[in-house]
Structure formats: C-alpha cells, structure tokens
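One chain, chain A, appears in both complexes that follow, with chain B as partner in the first and chain C in the second.
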Partner chain A sequence: MSEAGEALSLGERISESIAIKTVFRIEALGLSIPISDTVITTWALMALLILGSWLLVRRLRMAPRRPQLLAEAFVGFVNKITEEKLGRHGRSYAAFLGTLFLFLIAANLAPMLSPVGGFGFEPPFFIRPLTRDINVTAALAAAVIATVVGSTFRHKGLRGWAKGLVSPMPFMLPFNLMEYAIKPLSLALRLFGNILGAYIIMLLVEAVMPLGLPPIAGLYFDLFDGLVQAVVFSFLSTIYIAEAIE
Partner chain B sequence: MLDFSVTFFITILNLAVLYLALRKLLWRPLTAFLDARARKIREDLEGAEAARLSAEASSDLYRSLLEGAEAEAEAQGKEAEERAREEAKAIVEAARAEAEASRAEARKAAEREAAKAREALAGELASLAAEAAAILAGREAEAADERSAELLLRELGAGRAR
Partner chain C sequence: MEASSAAFIGAGIAVLTGLGAGIGIGLATGKTSEAIARQPEASGKITGSFLLGIALAEATAIYGLVVALMLLFK
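Right, the complex of A and B next:
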C-alpha cells in the first residue's frame, strides 16, 4: 500500500514537472492570452542570445579573443554547412538555420543551468526544457516547413512547385502532398519525444538516486541528447530546404 | 501534454523576432567581418606573392647587371693591361732610340776630340821635328821649317793610313 502510494507520489511529481503551467495572462483586444512557463523561458533565452550577440559583435578585432573566436567558429561553421548543402543559396538561409540551431542548443541545454533543490532548500524557480512542450516543437517545425514551401515558390515558382508534386510519376501526387504534413510532424514529434523522454528519465534517476548519479546521467540525457537533437533538427531542416530549392 | 495552445503562435512570433534580431546583430556583421578578413588575408597573400616575384625579378636584374659589370671590368682590365704593355714597349723603344742617339752623339764627339788631338799632336810633332832638324842643321828653327815639317808629317801620316 505504501509502495503504491510512493509510486503514485513519484508519478504525480513527474506529471507536475512535465506539465505546462500558465504563469500569467495578457488581456488585450478582448482576448485573454495565457503565457506559459515555456514562453517565459523562451523570452529569457531570446534576451540572453540577443544580448550575447550584441556584446560579441560590438567590438570585433582582427586578432580575435576567445568569445569572438567562438562566435566566428559557430557562424563560420553554419555558413560552411549551408553553402555545402544549399550551394550558392546557402548564405541566404544561413541566418535562419543558424538561429534555429542556436535556439535549440540553448533550449535543450538550459535545464542544466537550473538551480537544484534539496536538504530543505527550495529554489525560487526551475528551468525546464522548452521542447517538452509540443507547441514549441510544432512551432519550430511549422517555421521550417513554411520556409521550405516559401523556398520552393521563390526558386521554382508555382509551376515548378506543381511539377514537383507529380514527379517523378503522377501517381506520387498524394505522397508528395503528404510529405508537407509528415515532415513537420516527424520533426516536431522527434524533438518533443526525445527531450521529454530524456527529461522523464532524469526525473526518475533523481528520484531513485538523488546524489551521485544525476550529474553523470545528465551528461548523456541532458547534454549529449540535447546537442544531438539540435543537430538532427537543424540538419533535417537544411536537407528539406535543399530538396526544395535543388 | 499534447494540447495545442496559443503558445504555438507565440513561439512562431518569438522565433521570427529572434531570427530578425540575430540576423541583424550577429549574422550580418560577423559574416561581413569574416568575409572582409578573408579578403584582406587573400589580398595580403597576393601582395606578398607579388612582392616575392618583384624581388626575384630585381634579384635577376641585379645579378645580370653584376655579371655585366664583372665582364666589363674584366674587359677593361685586359684593355688596360694591353695598353700598358704597348706603352711600355713604346717607352722602351724610345729609350733605346734615345740611347742610340746619345751613343752616336758621343761617338761623334769622341771622333771630333780625337781629330782635334791628332791636329794638336801633329802640330807638336812638327814643332819638335823642326827643332830637331834645326839642331842637326846647326841653326835656329824658323816658322817656315815648322810648316814644312808639319806638311811632311801629314803626308807621311796619310801614306800610313793608306
């Protein structure tokens, strides 16, 4: 009975941790817009990224120091990858794909900076992974598929897009149309499922062995998995755009 | 957990804002900076290559000039040596001619002196012979006796010379 009670208690704790909470509401134009904790965390990360970018680029030196070197390496890496995959159009998509990649890295790794409770200490706030919210991953996937569709029209025109729908054979039309739903769905659910799964595992690890194991397990489930998912999402987005403009 | 909410639209808006901000604040300036630096490095490398080629060309030019100067110096040396040899030869010839002339002059002077001495000796001999003849004849020698003795001696001298 007591074991069932503890299991229920653990389940409740996990449910409580992964639940998306409305922090406050914005009343505007007769609408009551709920602002969730993921939106607050997104704003905080955006502020951090924008401020960091401004500070990094404020005084660029010909002989760079370490922070500038990191920024140059990141921007150079994204520019190189996009040029390799998208050819001469690479530069025009580098900023979008780089922003996506940077945001995903920040979103997936931010929970590692969350204050930890215990021994009677209750932190004032927790940073939970943004991408445990399907709305966030769906929004990212929607932005990608909108870019894909926009790129198709921009580079091939309406006629080229229509021709692509029936290629290589006309009977492929339904499958090609379905791709516009499958691609974003797979992007959104892969990211959501992986991050949520890793987060739940980490909650279980913390519940079973609060000391010692969580930092080690966190290296894989928080750091490695977070980075891999950011890379996979960004890389697939690049591939989808490359397919659209080739 | 899988409920769709307004967060979807807010996140799209957030992503658009973040994209525009990072494009303006991070991507454009940093990409432009990287391109400018790459261009500068490329230009510097090209400049260094041009300078190297120019230095090589200058080196070749100086080497050929040096070789030309060395050849010219050698030619001038040979010419000077030849000229010196000719001048030395001319000086020696001139000295030899001068010595020959001096020797001929000296010979003539000696001959003149010898002739003069002979003249003087003939006069003396005539005088002595006239005096000797006068002593033998037992009278005083006269000026006509001396002249006769001198003529006689001359004829005798001329006959011995033949």
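Right, the complex of A and C next:
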C-alpha cells in the first residue's frame, strides 16, 4: 500500500517538474500574455550570450589575447563548417547557424548549473531544461524552415522554387510540399523528446539513488546527449539549407 | 477497463518503437567498427557521421517515448 502511495507521489513530482508554469502575465493592448518559466530562462540565456560575446570581443587587437582567441576559434569553426556544406554562400548563413548552435548548447547545458536542494535547504529557483518546452523547439524549427524557404526564393527565384516542387516528376508535388511540414516537425520533436526524456530519466535516477549515481548518469544524459542534440539540430539545419540552395 | 489503465498499456506499446531504433543503431555500430578496422586513419570522419546517423535512428525511439510520456503524464 505504501509502495503505491510512493509511486503516485513520484509520478506527481515528475508531472510537476515537467509542467511549464506561468510565472506572470503581461497586460498590454487588451491582451494578457502569459510569461512562462521557459521564456524567463530564454531571456536570461540571451542576456548571458549577448553580454558574453560583447565581453569577449570588447578590445579587438591584431595579436589576440585569450578571450578574443576563444571567440575567434568558435567563429572560425562555424565559418569552416558552413563553407564546407554551403559553398560560397556559407558566410551569409554562418551567423544564423552559429547563433542557433550557441543558443542550443547554452540551453541544453544550462540545467547543469541549477542549484541543488537537500539537507533542508530549498533553493529559490531551479534551472530546468529550456527545450523540454515544445514551444521553444517548435519556434526554433519554424525559424529554420523559414530560412530554408527564404533561401530557396533568394537563390532560385519564384520560378526555380516552383520548378523544384514538381521535380523530378509532377506527381511528386504533394510529397515535396509535405517536406515543408515534416522537416520542422521532426526537428522540433527530436530535440524536445530527447531533452524531456533525458530529464525524466534523470529525475527517476535521482529518486531511486540520490547519492553517487546522478553525477555519473548526468554525464551521459545531460552533457553528452545535450551536446549531441545541439550538434544534430544545427547540422540538419545546415543540410536543409544546403539542399534548398544547391 | 478504466481509461487510465488503458493509457498505461498504450504507453507500454508505444515504447516498443525502441526495437527498431535498437536494431538500427546496432547495425550502424557494427558497420562503423568494420569501417574503422579497415581504415583507422579515417576514424574521425567515420565517428562524425556515425554520431549523426545514430541521432537520426534514435529519433523513432524518441517519438515512441514522447507518445508514452504524453499518455502517462498529460
């Protein structure tokens, strides 16, 4: 009987942890806009990334010091990958793809910095993974597919886009149109499912064995999985754009 | 049968998608070790595409997991 009660409370705790809470509402223009905790985490990450990139390149010099080297290494890496995949158009998409990559890394690794409770100490806030909210991943995927459609128009024009829709044969039209829905859907669901799944598994691990095991399991589920998903999301976006402009 | 118990059974069936992902990742891993054994100098490139491949193969299992989680904690 007590076991059933514990199982219920564990399930309730998981449901409570993965739920997206509305922290406050903005009343403007007759609308009431809910601001959830993921939006606040997004703002914090945005501020951190903007401040960080400003600090790293504040004093540019020809013989770079360590902070500038860090920024140059990242930008050089993004430029190299995009030019490898997109050819001579690489530079114009490097900023978008690099920002996407940086934001996803920050979003997936931020929960590792969350304060931990215990011994009667209740931290004032937790950093829960941002991408457990499907709205975040869906927005990112929508940005990617908008870039894909926009780049098709930019490099091929309206006629080239229409020609691409009926290639290689006219009866492929519905399938080619369906790609515009399936690509963002699979991008969004892959990121959301991986992060939410890893988060729930970590909650279960913490409930089963609070000492010793969580840091080791966290290396795989938080660090490795988060990094791999950030790489996969930005790499697939690069490939979709490369397909659209080739 | 109650709706909640049916949801539990459905969640169990949904995570059976892990079967396909397991087979796929197993095949990919086997071929990767074969490729690295043949050409150890290309192991960096092989590992890169292997990681991307398993991330794609894993997606089906993740979809099953998402469906199961939706059934369990909606």
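Simple rule for what comes next: the second predicted complex is superposed on the first by the 246 of 246 C-alpha atoms of A that agree within 3 Å, B and C clash if a C-alpha of one lies under 4 Å from a C-alpha of the other, contacts with A are read in each partner's own complex, and residues count from 1 in each chain.
Operating definition for what follows: a contact is a pair of C-beta atoms (placed from the backbone, for glycine too) under 8 Å apart; a residue touches a chain by one contact, two chains touch by 3 or more.
Note that this is a predicted model, so its numbers are computed, not measured.
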* Asked: When the two structures are superposed on chain A, do chain B and chain C clash or fit side by side?
  -> fit
* Could you say whether A:Leu140 touches chain B, chain C, both of them, or neither, answering first, second, both or neither? => first
* **Winner by number of chain A residues touched, once chain B and chain C are compared** => B
* Asked: Does the superposition put A:Gly197 against chain B (first), chain C (second), both, or neither?
  -> second
* Could you say whether A:Ile18 touches chain B, chain C, both of them, or neither, answering first, second, both or neither? => both
* State whether A:Thr99 touches chain B only (first), chain C only (second), both chains, or neither. => first
* Asked: Which partner does A:Gln229 reach: the first (chain B), the second (chain C), both, or neither?
  -> second
* Asked: Is A:Ser186 touching the first partner chain B, the second partner chain C, both, or neither of them?
  -> second
* To do: Look at A:Tyr240 in the shared chain and tell me whether it touches chain B only, chain C only, both, or neither; answer first, second, both or neither.
  => neither
* To do: Taking the superposition as given, tell me the minimum C-alpha spacing from chain B to chain C, whole angstrom.
  => 6
* Structure fact -> Residue overlap on chain A between the chain B interface and the chain C interface 18
* **Residues on chain C engaged by chain A in the complex (per definition of touch)** => 51-52, 55-56, 58-59, 62-63, 65-66, 69, 72-73
* Structure fact -> chain B partner, complex, touching residues on chain A are 18-20, 33-36, 38-39, 42-43, 46, 49-50, 53-54, 56-57, 60, 62, 71-72, 75-76, 79, 91, 94-96, 98-100, 102-103, 133-136, 138-140, 142-143
* Interfacial residue positions of chain B with respect to chain A in the complex -> 1-12, 14-19, 21-23, 25-31, 33-34, 37, 40
* Asked: Quick one: in the complex, what on chain A touches chain C?
  -> 11, 14-15, 18, 186, 189-190, 192-194, 196-197, 200, 228-229, 231-232, 235
